[in-house]
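These are the structures, in structure tokens.
Paired with subunit B in one complex and with subunit C in the other, subunit A is shared by the two complexes that follow.
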Partner chain A sequence: MNKTEKKHEVTQNACKLCTPLGACLALKGIKGAITLLHGSQGCSTYIRRYMISHFREPIDIASSNFSEDTAIFGGNSNLKTALTNIIKQYNPEVIGIPTTCLSETIGDDVNMIIKEYISENEDENLPEFITVSTPSYKGTHIDGFHETVRSVVSAVSGHPGEKSVNNSRINIFPGMVSAEDIRHLKEIISDFGLDYIMLPDYSETLDGQLWTDYKNIPEGGTSIDKIREMDSSAASVEFGKSLDGTESASRILSERSAVNTFNTGLPIGINETDKFMNILSEISGRGIPEKYLSERGRLIDAYADAHKYIFGVKAALYGEEDLVIGLASFLSEIGIIPVLCASGGNSGRFSEILFKAVPDLSPDETSVYSDADFSDIEEQIKFLKPDLIIGNSKGYSISRSTDIPLIRTGFPIHDRIGGQRILHLGYRGAQQLFDKAVNSVIEKRQDSSPVGYSYM
Partner chain B sequence: MIKVLEERKNQIYTKGKDTFDFACDKHSVAGSVSQRACVFCGSRVVLYPIADALHIVHGPVGCAAYTWDIRGSLSSGPELHRLSFSTDLRENDIVFGGEKKLYSILNELIDKYKPKGVFVYATCIIGIIGDDIDAVCRKLEKEKNIPVLSVHSEGFKGTKKDGYRAACDALLKLIGTGSTDNISRFSINILGEFNLAGEAWMIKEYYRKIGIEVVSVMTGDGRIEDIKKAHGASLNVVQCSGSMTGLAKSMKEKYGIPYIRVSYFGIEDMSKALYDVADHFSDNPEILKKAKDLVTNELSSLLPVLQKYRKTLSGKKAAIYVGGAFKAFSLIRALKIVGIDVCVAGSQTGTKDDYALLKDMCDEGTVILDDSNPLELSKYVLEKNIDLFIGGVKERPLAYKLGIGFCDHNHERKISLAGYEGMLNFIREVHASIMSPVWKFAPRNSASRGNTSSDAIQTSKCAGADCSPEACSSCGKF
Partner chain C sequence: MSKKLKDASTIKEEILKQYPPKVARKRSNAIVVNDPAIDQEILSNVRTIPGIITQRGCSYAGCKGVVLGPTRDIINITHGPIGCGFYSWLTRRNQTKPETEDSENYMPYCFSTDMQDDNIVFGGEKKLKAAIREAYDLFHPKGIAIFSTCPVGLIGDDVHAVARDMKEELGDCNVFGFSCEGYKGVSQSAGHHIANNQIFKHVVGRDNTVKEGKFKINLLGEYNIGGDGFVIDELFAKCGITVISTFSGNSTLGAFERSHTADLNLVMCHRSINYMAEMMETKYGIPWMKINFIGAKETAKSLRKIAQYFEDKELIETVEKVIAEEIQAVEETIKEIRPRTENKLAMIFVGGSRAHHYQGLFSELGMKTVSAGYEFGHRDDYEGRKVIPDIKVDADSRNIEELDVEKDPELYKERKSAADLKKLSDKGFEIADYIGMMPDMEKDTLVIDDISQYETEKLIEYYKPDVFCAGIKEKYAVQKMGIPLKQLHSYDYGGPYAGFKGAVNFYKDIDMMVNTSIWGLIKAPWEKEKQPEISANFVSGAV
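So, the complex of A and B:
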């Protein structure tokens, strides 16, 4: 059993969120942007509440607020009213407008409505409008996330001739990572002497400081003007093997403006981080900075110190496909067997990409499960009996019922403080994940030992 | 400077400043960031605590995912309500319809979980693609011999209140189908109590102590069988006015059961909730006597403790923004006991009568808001320079960003705030929220003390073009 198909029609305890949530998250990474969901009030409020419980930051998402009339006659006038009201209240630089199942199904042509709105208000100083098609019956939150990044780049790129190539600057598409991950990536890239345009960058908007006065739109994010310059960057670095070969943002830049693309896995663990470091080294023409060589060295030292505790330990992983692939790669290099790799998403290529990206994995030892929900995952965990569960906080009920420790990673973390500050990436992120994994195993053994050793 | 939208100006009122011509009960303004949810949310929160029912959300996955295990409603037995079931409609289902999928899923789930009843929630898209969920429910009800109830909660068909109504319609279909044998004459239903952190258990225990039988709680720790026989109670006691008054009215019409409105928050309201029930059964003076004993007993231990808190909390200022206005009344009274004034008060779904009463309860200068949004709330919170914000998850970061203490009084909380025990918990939390030393570091507070955060720590000075990484952490260049 290495590849399991969905057995039930029902989704019980979903291991995914709807497409518009991913769009809302990605749009938080654009400077001066506010999101307007074109649909019912509930979509905005639920997504706000869900994201706030993880990030613990104010997250304003407006709604075009469909009523019965809107559903029958179309969302044209509601959308325009909403735009006017948002501009009045928030004075944004950008308004991102993802759709919902409702507006998609009634067939609203959002691009046309926006065009009309612009021509009706041509005397006004209007913000940039970014429309994204995110019907919630198609794909999951991660698709909404990538689709938004793609839509932003598609909307503003395509003018390569106007600027000369900046050889010391890269575009970076980190994918759906934590605020701390984004900060660390910036640090790494800067240490290679490179400038960067990060999309999205919600490291400040979703993990900011206290304020003196209320800020309509939190500070931080990458400006649209910066994103416009992506055409003239030296290269694009895109994380996520699932994006390779798809119509992604970096592909658009490569097709329109011949920006060289480096697609690589999320840099989790030594192997994948090495690849990322080598890419930066190649682009910058510099060696890997000493700081990272010593971080890498310390990490290997820790691997040596703790290898005995974790060799042959079994782990169950779940989350977005690329995160699971990254974690699986990390675990396989420290001797932990990922016996279950599950995702609520379904790119159709999960298993293929996983085994290609992590050649040490064997289909005999690792079950891959696409389109999984937490009832499937629970069933698999009860069957496979792993020693560790690694994923977001929604697996807690399984961890509790099976008494298997849960290592919290990814999104959402609703039952702990600091989900936005979990570091997954780079040698430093691997060090933190490693310590957590090893200590979880040790703690379990210590707690269940009749002796209760004070040395391990 | 925060601008209030023209369309919203008559949903904001300052006591003593404006004439009271308050608008409410309106659809939210498009493009304002309303703190409200939708019709589905209204239905889902009301029915959620029914623990032996299977709740399935018919639509794409989001609506079910966002409401999985969302309330802190406890169950003393089955916990089926804590599972999230979705038909997870995909593109094909949208094109060809989702009825068959709904039927086939429920057919399987009912056999697997053997629930005592099923609630099928319609989401936005069902209203558009036209699935006949009533027909599916009728068919399954016959085949499985359990109540299978449709809840017409399409998100766009009104506001959260319409969702309450749809939920109450479903409850009304259940009520009257069970046996009322052996129900005491001195019996009540509790409506609008959701057993957050076990509050319903505590309240039931109070009523038991004074000789009152609680036939059903709707819907905290709810059971289908209890709801079916709810028409056998002599009195309906309605808490959380927004969600359940409609049901109480319908039950009065249909079964002649009178109702009273109560609140279990704060010692005055809690005591009144016991006395009012005792008054209703005045032909049994024993009940009133027992109620008096209970209240005296509880207060004798509680009041001295509250007095201690009053010493530090007196004179502090609070803002309240909650779902239903009735809760705001209780909170204002409860805070008064420890000397805290409410300067901003609002709700998502209050009625005209609610706001008139709210106005009468508040002091001059208090701002009253209906269906507000983050920008307005922050504007008034800052203007009034409040020390404590009471609201739900969406308001929490707003308060924290401004360095203001916050208490969660929403359905996600895990601490009981109802009853006498809850009053103490509540004041303890208020105290911890306001008095925490961390607020001294908040820039707004240190600025008002004339000590800006940059005075408190030595920040390195940026030398502009010549700055170096060793010297500078402020210019962003390094």
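So, the complex of A and C:
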């Protein structure tokens, strides 16, 4: 059974969130930034509510608070009032303005409104404005995320004048990963002796500390001035095979400023992490640091130790396409068969990219499902009978009804603590995923055995 | 000894000082230093100023999420792009108990037409119809409800026409639509009203089967969050009171359809459901009474009010027996916990009734609610229903339909004479009435409508409360300042908190929160000489 196309009209238990949510998440990775959703206030309330349930951090998202007459006559004056109020309350360095289905449907020209606002307030010290078009009827949260990263780079890069390339600095576009993943990436890059500009970097803003002084905008994130310097970096590293060949942020930098791009899969598991390490090695001219060689060694040792538990085990995966591809690559190298790779997204290339990125997979063994909802996923799981389910919290009810363990990865995770601290990337992330996967299998066997083994 | 309250007018001035004149004027009317001895007006149910970060949600959230969400056998289809349906998918933690394992329960499902750009351009009615057909073929539900999101009204999709067509086509399925686009009204409150209207119009009164029972009531505005409704149902059962329908915790379409056969409507959350109580009184002659099952004292009082309403000696005795039985655990817990909670300060900023209801629980612990306000309340929720004739109807409220309801020629039945009702009213029974939150709060407490993030920070800095009650959006910002936040929408995934059993749960949870040692760990030992000071230098002004 290898379905790739949705046959029904009603989406039952969606496996995707809306485009503006992805934009809000990406904007949290810019220093001193505040987000203003241009639309009705429910959007910012719902999105705040949802992101906070995963990150357990304060997340302020303003709104231009459309009312019925705004919906009819346009959001010009509401948007300007909102901008002035945000500037006065937050004194932000950046205001990110994603649109919503409401403002897009009525056709508000946000860029023009911003232009007007700037000229009406030319004496004021205004922040940087980043507009992003994110109608929720186009694409999913991951598209909103990438579109935002692209819009930020497009808005500030390519400034005129001579630039001297900084050979020891890279741009890194990690994609939608956890706060812990971002922290680990920084560590790895630094260990290669490289400096970096990360976009987005919400590792502190969305996984911060308690405050003794109240902060209206949490500390952390990459400053817009740093992002401006992206066009003089030695190279861009972009995670996510689905972005390869698209109008992505790194493509903009390569076209406008000839910054060399390395597009690679999310470094999940040994093979994909090796590729990332090699890229860093090539850019920095240094070998892979001893620390990572040891991590890699320990990981392979663990693979060997636990092989007997998991060889031939079947898993069902769902999530954003690139995350699923990364996880599938990791699973296939440890002997787990990803019998289902599902995504609520629909780039149109999911299947093609997956089988290319993970050559060990075969369409006979792996069903690929784009634009899937959880009713599709449940149907497939009941048919394929995997031993493990790997994905976000939304698969819990399937896990419960089928009695198949769920390993939580990605976003959203709102039924466990620490979703923002799950490490997926690098050898270290693979080690953690590996231990979790193996122990889930062992636990299931132990619990369902009548003997009550105490050695497994 | 009770702690003397800090002066509320000082903090009010300080908050307003930082706003530009126009905003300050508006906010000044929404912040009231309370004096229960006099009538005070509060500005509420008005638009939030763009760019001011609010707790409020939208009309869709109030309609689909709050009122219709807890009914288990209606398939709710969100007509719109995917976000709204996803975000309202089981997020309110309403519990339900289907009669049998095989009985219908669609609450774990989230259905959406998942509109794409071509639907926005060419219209989504066709897709909506196909989605309804599909949902029907899959589940054969008794009812399908359609909820409109922002773009629907703008592109001109007529969900009501689609509902009519599909109801006819399917034959045995009640299909009805809600024009609850997110931009309607000023908060989720508009959505409550829209939900009340459509349920009243399309569902209530369709089944005249009269359920066995001597004292038949409907419980209105109880959504069974964290199992609150189950606790109340258990109390009713013990007392011999028959619940015909709850609006809408643990409810079914069938219960709504029969709800006009009850003899008394009990209103819990006044804001979200008072329209239904009024309309049912007009059409069917069912009187309504405000009650409150949050807090042990209020629960006992409410049960006694119900018993006296029915004027039945046996019921009055049973109720007393039940109260005596249940109150024991309450008293034991209070005795143990109160020494640790006495004189602590609470603040409550939620809902349209909870900010009022939960004050009783805190006072049972010896805690004082120093400041409170609603997220989406109207003046009558603050000042009492007596102000309703004076409330100005603005453009945002005018957009919400007011149904023209008349006495039903066949089904109208007088339950109690006007004179008898007046007698109960005179005894303070809140018959067709609600006295509101402000008369119940102490002098010099601070009442704030639609509190903003900035005002929250100022309040915390000034009063340093021991617990702050709001929702998940506020939780982590408040906790960053070292103050525990109790979520009163989701109960921090705990509860139930209603009735006597719920009160015991609440006391324990609050004890745990206000007496945790975690906040003492913020400063490392080598930093401890310096005392932490939270300072909020937040806003310089807004227009």
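Methods note: the second predicted complex is superposed on the first by the 452 of 456 C-alpha atoms of A that agree within 3 Å, B and C clash if a C-alpha of one lies under 4 Å from a C-alpha of the other, contacts with A are read in each partner's own complex, and residues count from 1 in each chain.
To be clear about the criterion, a contact is a pair of C-beta atoms (placed from the backbone, for glycine too) under 8 Å apart; a residue touches a chain by one contact, two chains touch by 3 or more.
Nothing here was measured: the structure is a model prediction, and the numbers come from that model.
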- In the superposed model on subunit A, is it clash or fit for subunit B and subunit C? clash
- Message: Contacts for A:360 in the overlay, against subunit B (first) and subunit C (second): which applies, first, second, both or neither?
- Response: neither
- Query: First (subunit B), second (subunit C), both or neither: which does A:191 touch?
  - Reply: neither
- Message: Just to be sure I read the superposition right, which of the two partners does A:109 touch: subunit B = first, subunit C = second, or both, or neither?
- Response: neither
- Message: If we overlay the two complexes on their shared chain A, which of subunit B and subunit C does A:379 touch? Say first, second, both or neither.
- Response: neither
- Message: Output check: A:333 vs subunit B and subunit C. Expected answer is one of first, second, both, neither. What do you get?
- Response: neither
- Query: Intersection of subunit A residues contacting subunit B with those contacting subunit C?
  - Reply: 8-14, 16-18, 20-21, 36, 39-50, 52-53, 56-68, 70-71, 78-79, 81-86, 88-89, 100-102, 105-106, 135-138, 140, 208, 210-216, 397
- Item | Residue ranges of subunit A touching subunit C (in the complex, touch as defined) | 8-14, 16-21, 36, 39-50, 52-53, 56-71, 78-79, 81-86, 88-89, 91, 100-102, 105-106, 135-138, 140, 208, 210-216, 397
- Query: Where on subunit B does subunit A make contact in their complex?
  - Reply: 2-3, 5, 7, 27-41, 56, 59-69, 83-91, 93-94, 101, 104-105, 108-109, 123-125, 127-129, 155-159, 374-375, 378-379, 382, 393-394, 396-398, 400-403, 441-444, 447, 478
- subunit C residues within the subunit A interface of the complex: 20, 47-61, 77, 80-89, 91, 108-117, 119-120, 127, 130-132, 134-135, 149-151, 153-155, 181-184, 186, 395-396, 399, 453-454, 457, 461, 471-473, 475-477, 479-482, 522-523, 532-543
- Residue ranges of subunit A touching subunit B (in the complex, touch as defined): 8-14, 16-18, 20-21, 36, 39-50, 52-53, 56-68, 70-71, 78-79, 81-86, 88-90, 100-102, 105-106, 135-138, 140, 190, 208-216, 394, 397
